[in-house]
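Take a look at the structures listed below.
Two complexes, one shared chain (chain A), two partners (chain B, chain C).
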Partner chain A sequence: MKRFTWNKLTSRYPALFALTLLVLSVLINVILQPNMFARDTLNSNMRVFLPMVILAAGQAIVILGGGIDISVGGIVSIINTILATRVGLEGSAETMWQYVAISLLIGILAGAINGFFVAYLRLQPIITTYATSFLFAGVALFILPNPGGGIPTSISEFYRSSIPLGLPLAFYVIAIILLVWGFLRSTRYGNFLFAVGGKAQAAYETAVPVTTIQFSTYVISGLMAAISGIAITMLSGSGNAESGSAMTLNSITAVVIGGTALSGGVGGVAGPMLGAITLGFIQNIISFAHIDTWWETFAKASIIVAALAIPGVINLFRRRRP
Partner chain B sequence: MKRIKISPPVAALFLAIVLFLLSGLLPNSYGSDVKIAISQATNIVRLAVFLGVIAAGQTLVIISGFEGIDLSAGSVVTLTAIVTYVYVNGADEKVFVALLLSLAVGAVIGLLNGAGITFLKISPFVMTLGMSGVVTGIVIILNHGNVSGKVAPIMTRLIARPISPDIPIPGAIVIWVIFGILMWLLLERTSFGKYLFAIGVNRVTAKLSGVNVTGMNLATYALAGALAGFGGFLVVGNTGVVLISLGQPFLFPSIAAVAVGGTLLSGGKGSYWGSMAGAILLTLMTSLLTTMQMPESVRRMVLGATLLVLISIYGRQRALRQ
Partner chain C sequence: MTLSLSARNVVKRYEGVIALSDGNLEVNSGEVVALIGANGSGKSTMSKVINGVVVLDGGQLLLDNKPVHFASPQAAKKEGISTVFQELSLIPQMSVADNIWLTREPLDRFGRVRRKEVMARTEALIALFEGTIKPDLKPETPVSELPPDEKQIVEILKAVSFDPRLLILDEATASLDSRQVQRLFELVKKWKEEGKAIVFVSHRMEEIFRIADRYSVLRNGKTVGAGNINEITEKDLIKLMIDKESVFSYTRSESEKAEKPVCLEVNDVHADTLKGVSFYVNEGELVGIGGLRGQGQRDLLLALFGDIPFSGSIQYRGKPVHFRHPNQAMKNGFALVPGDRNREGLLYIRSILENFQLPSWARYSFPLKLGKARKDAERAGADLNLKMAGLQQPVSSLSGGNAQKVVIGKWLLRQPSLLLLDDPTKGVDVGTKAEFYALLTRLCEEGKTILFYSSDDEELIGLCDRVMVLHDGKIYAELAGSTLTHENLVAASLGVTEGGAR
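After this line comes the complex of A and B, so read on.
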């Protein structure tokens, strides 16, 4: 009986699972790091998690619309290398903001390339964005063959330690994304998005502009990847063509533990953002555990696979029950 | 007017020959010396063997459909190469056991992939990408900075050297021809092959016609893992040294090779001959880019763009409007 209620709850509130996992990982974190809710610790955690939270929100939109974007990591790398090489450590704040604007345009352009191939040429999303991910990673490596470059310290200092009204900067960014998403959901666009992700053919037959919606999800995802790239550059203050390569799978994992189905049309954006924060806390736990450096890659990857497996395991148990 | 249809494998091979002839015009190429040209061509085919064997497993999972793909192939190659290297340690009599060990290690990893995909309903792309991270983790643990080992003389003799002083054909090519015939038999002359194409076209109808879809899926991924394991065994026999990044460069080209050969990335249609031709074409392209002294970044961009063009030609999905 009790389990039945849990099922009902998880199907109505897809983010509930992420929330439970989040509470759990926060509890473990609090035990390992007692001052976690102190303002500085909170800020230092959130500023590290923010790039992934932004990326997960963009990935969630594409997945809700029935696609997937493997190229987000590549876009992050491009933005990172552009900012690090064009602005430079000695650059002024004006050049930085100029290139931030250019970065956003590049993100939109990269997303539009994906969207063109997937929505207009009707290619498979996975393999298409996998191909463009290779293309984008190549571009990033072309811009910056060896790690280096940077942005002015004043800018990274602004990102790292500004706490307007006592709350870390990351909170405001997250709040803005949630507000925009809340608004989008209530518009016709939101309804169309879920319709296309649920069943594109049926949506098409009921006069939903399927192609435009699909195209737009990739543009949004590209834009979010660019913002994520800006955030990660401000966080690290330096450039590396490989900076985004590991982020793609994590963004998908965040979406999955956030209760948004990879098959599309089910879920939301808040869940994946919580999922990204949860992943961040779990990785914190790994680094607190002081495991042997040699084991770190293995531990992190195993946790990703385990997190990906959780919805499947839950389903397996659900089906067993009469 | 009737359109002339050229089958993709023939087109790929034709393109490879044209490219090779054109490459003679490059300043630091073979020029007008036929003898050098032949030895260069042989060398490219020899290098294509390793990509070709790794693409074999990829061909199987891609034919099996349902967005099948194996992104763990690269890291499996590295793992079994290291296992072979450490286990054999220069002893000829251990080579056969090492080969079985490589196949078994690959098969176990493939089986895990298959289990996650079949039972936990994780999408193949995400599952195998996650698994690739786990296997890389295992490689790092095993490697621990450096490994001590040695390939056996018999491996170098059979794989890297010509079969006899009079016939300048490397052993690897002979192995590949036999391997290709076996793959053809598997795909075209066994019930496994028949079922594989059946589940690739339509899982529901295959199931209704009595195909054990679950078993087939598990077997396909296990076999693909084993073939990647075999690839690792061959690669280390050729290079004679192991690196932590030995297998990863093969991953993207292995998928592109399958696509070049005309195997539908949505499954249900394809051949191993196509993948062989694709492997030759892609190896030629990479080696030409190296001869032209293009940096890694340009090579990545070219590979990404090639795959994008290919799927635009072969991989269009049905239009929404029927």
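After this line comes the complex of A and C, so read on.
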């Protein structure tokens, strides 16, 4: 067992790094915010993290399949503006659920547009989804040029404070996503996903429906972005065409922290979800540390860069020794 | 189960270049047909026509005497035609089992893959090669962690798992060691008796005569001969392939071999797979490294070149050296032709010119001397008889033998004094091999020292002054002169007897 190295561990258990980082950030967080495991604090943290967790899960699927989706933030914005303008503060619960269903369809449609370009027209994923991200952001701005609108307070209250069986609502959502992923992973689709992301040419020669799989990852990502958009609308209770724009890069960061390689075919979905929670805690640490607002982005980015660099630094150190 | 497949007058063009102009092949259940030809003769294309990877432009494919048309590899697989690809069709990040059963996973009623069954089936397949592979090849091992020979075996198992009627082995033995080849041939014989048809594509004459029942020779896209293997000699077969006979005249003239000064002295080198290797090489000597695949040959060459960390001492021309970066080795006149030419030896999608200049670009910059660079590259290409359309062509467009010439050529431009070669003739056709042998002999006569690992025993015997046989990270035997025989070499490789004088 001489060769039981960190490298091998992380390659077999990609989420390990995310878990280590999560434990670290939780520890620091507990020091800064001693009551963070109190039910209300936990709930208020988790409900803020949830939209990013959902988004990261969708992004992870695309990246596992060898692509990348830069347009997820745009989709979040569209959903947010649609809900905020169509349902309204005075809307009924029925209208809300009706538009939730419509939102999911829009997410799937947006994902299908990405998937069509990338999988069927074989365009570069990063460029294509970068382009469509402007398309989606433009639609969001068209729907709601100025921040405003909203959804009924009762619904956002439901999202914000329901704790079935004493656990925050977010835990249940995360559990459902993990269960669905666990099932997908064990089906043939799961195998295909890893095959396409690993080496698409070889997968094709083995009769894997490469195009369909690629297409499907963008549809899933679009759907997850829509759910994320619904969550963020329920959280904020209002609409803003810019609400999703900062989320895209964070979702990719979460995936990388979560041990899912950008090259595709390695990793999973649990890791990126942990990564998203870690990012949330890092954000918390920054806010509690009373860092000047101007330095917030810098401090946050530094922590992320350092976190990403650690495995590489460990490797460098190992290589030096003969 | 029985099958008869016949390809008649097949034509295939790639963007105007004719790969096959008149390809013919006939194969029936219960026989092994060797598809032979130099690199670029169209035999890869021929096998791709049969397995549906490419669509033919002319001619006919008859399956069981009925015309067929394969639009995709899947269509051919449905008819029971399965291929072991030369360029591996495995997904590195996935496990052995997942790779073998990809797209044919057994499912339970919820659509989930039945892992246990997949593992058990894979165990059964791996057992076919038991004893010739390391015990750490398990169904759940990721393919990326396997050495090249075991990857090739997984590729073979994948093709066999289809239980095909026709199995195409395209250069499937190129990265296998002799024991693995032996096992594969036993299996091929068994499959043949079970009524499978087998098409065997190989460069190795000896293997063709060992396993094939019939042969079919391609030259420049045309089938130039076919018949029963026991009605033709090796020499005639080669003559058919290359149209010139001078291939096996590579054996070095037994000229005066005066004691030359020691060039390289290696003492107790340890690295990943090396467990204490010591030897010396004289100036102008051509020393071979033999043994089964993966016994440390690769690491030895990499350590000498400063590519991997090692412990132990190395003296080069009387001076102790310990390279920590290939750059230091290069400055001392070392050159390495690595084992995986497409990945390690070449910038695969870049031009021939760029590849030639890569190790010596410093000589042509500040100020930029593009004209001189081009001229030197052209001369190097001409020296090596490199067949190319132009220096701007990407290396990826060259055949295996020609690509290898670029790897060697880029080092020769630096005038190296010590060449380290890692199986340079792997996947290279007979004609080009002969050119390599002549080149190596010439380089030695010019006073260059060569350390040469080969998986081809005949090559080592015919070419080298001395052969060191590595076994399990140590030099097991050293063969020279009268002890340098095929028998001793094989025995020492297997580590069974004390072969040769030590």
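The criterion applied here is as follows: the second predicted complex is superposed on the first by the 296 of 322 C-alpha atoms of A that agree within 3 Å, B and C clash if a C-alpha of one lies under 4 Å from a C-alpha of the other, contacts with A are read in each partner's own complex, and residues count from 1 in each chain.
In the analysis below, contacts are C-beta pairs under 8 Å (C-beta built on N, C-alpha and C of every residue); 3 or more make two chains touch, one makes a residue touch a chain.
Here the structure is a predicted model, which means the values were calculated and not measured.
Participant: For A:187, is the partner it touches chain B (first), chain C (second), both, or none of the two (neither)?
Facilitator: In the superposed model, A:187 contacts chain C only, not chain B.
Participant: Name the contact category of A:31: first (chain B only), second (chain C only), both, or neither.
Facilitator: Once the two structures are laid over each other on A, A:31 reaches no partner at all.
Participant: Based on the superposed arrangement, let me know which partner A:105 touches: chain B (first), chain C (second), both, or neither?
Facilitator: After superposing on A, A:105 lies clear of both chain B and chain C.
Participant: Can you tell me whether chain B or chain C touches more residues on chain A?
Facilitator: Of chain B and chain C, the partner in contact with more residues of chain A is B.
Participant: Does the superposition put A:176 against chain B (first), chain C (second), both, or neither?
Facilitator: neither
Participant: Of the partners chain B and chain C, which touch A:142 in the superposed model: first, second, both, neither?
Facilitator: first
Participant: In the superposed arrangement, does A:206 touch chain B (first), chain C (second), both or neither?
Facilitator: Second partner only.
Participant: Share the list of chain A residues that count as touching for chain B in one structure and for chain C in the other.
Facilitator: Correct list for chain A: none, the interfaces share no residue.
Participant: Using the touch definition from the top, list the residues of chain C that touch chain A in their complex.
Facilitator: 53, 72-74, 77, 85, 88-94, 98, 102-103, 105, 107, 110-113, 115, 142, 158, 309-311
Participant: Across the complex, what residues on chain A touch chain C?
Facilitator: Residues 11, 183, 186-188, 190-192, 194-195, 197-199, 202-203, 205-208, 265-266, 319, 321-322.
Participant: Along chain A, where are the residues that touch chain B in the complex?
Facilitator: 68, 70, 117, 121-124, 126-128, 130-142, 145, 200-201, 204, 210-211, 241, 249, 252-253, 256, 262, 294-302, 304-305, 308-309, 311-313, 315-316
Participant: If we count contacts the way the header does, which residues on chain B are in touch with chain A in the complex?
Facilitator: Chain B residues touching chain A: 67, 69, 116, 119-123, 125-127, 129-131, 133-134, 136-138, 140-141, 144, 252, 255, 259, 265-266, 295-305, 307-308, 311-312, 315-321.
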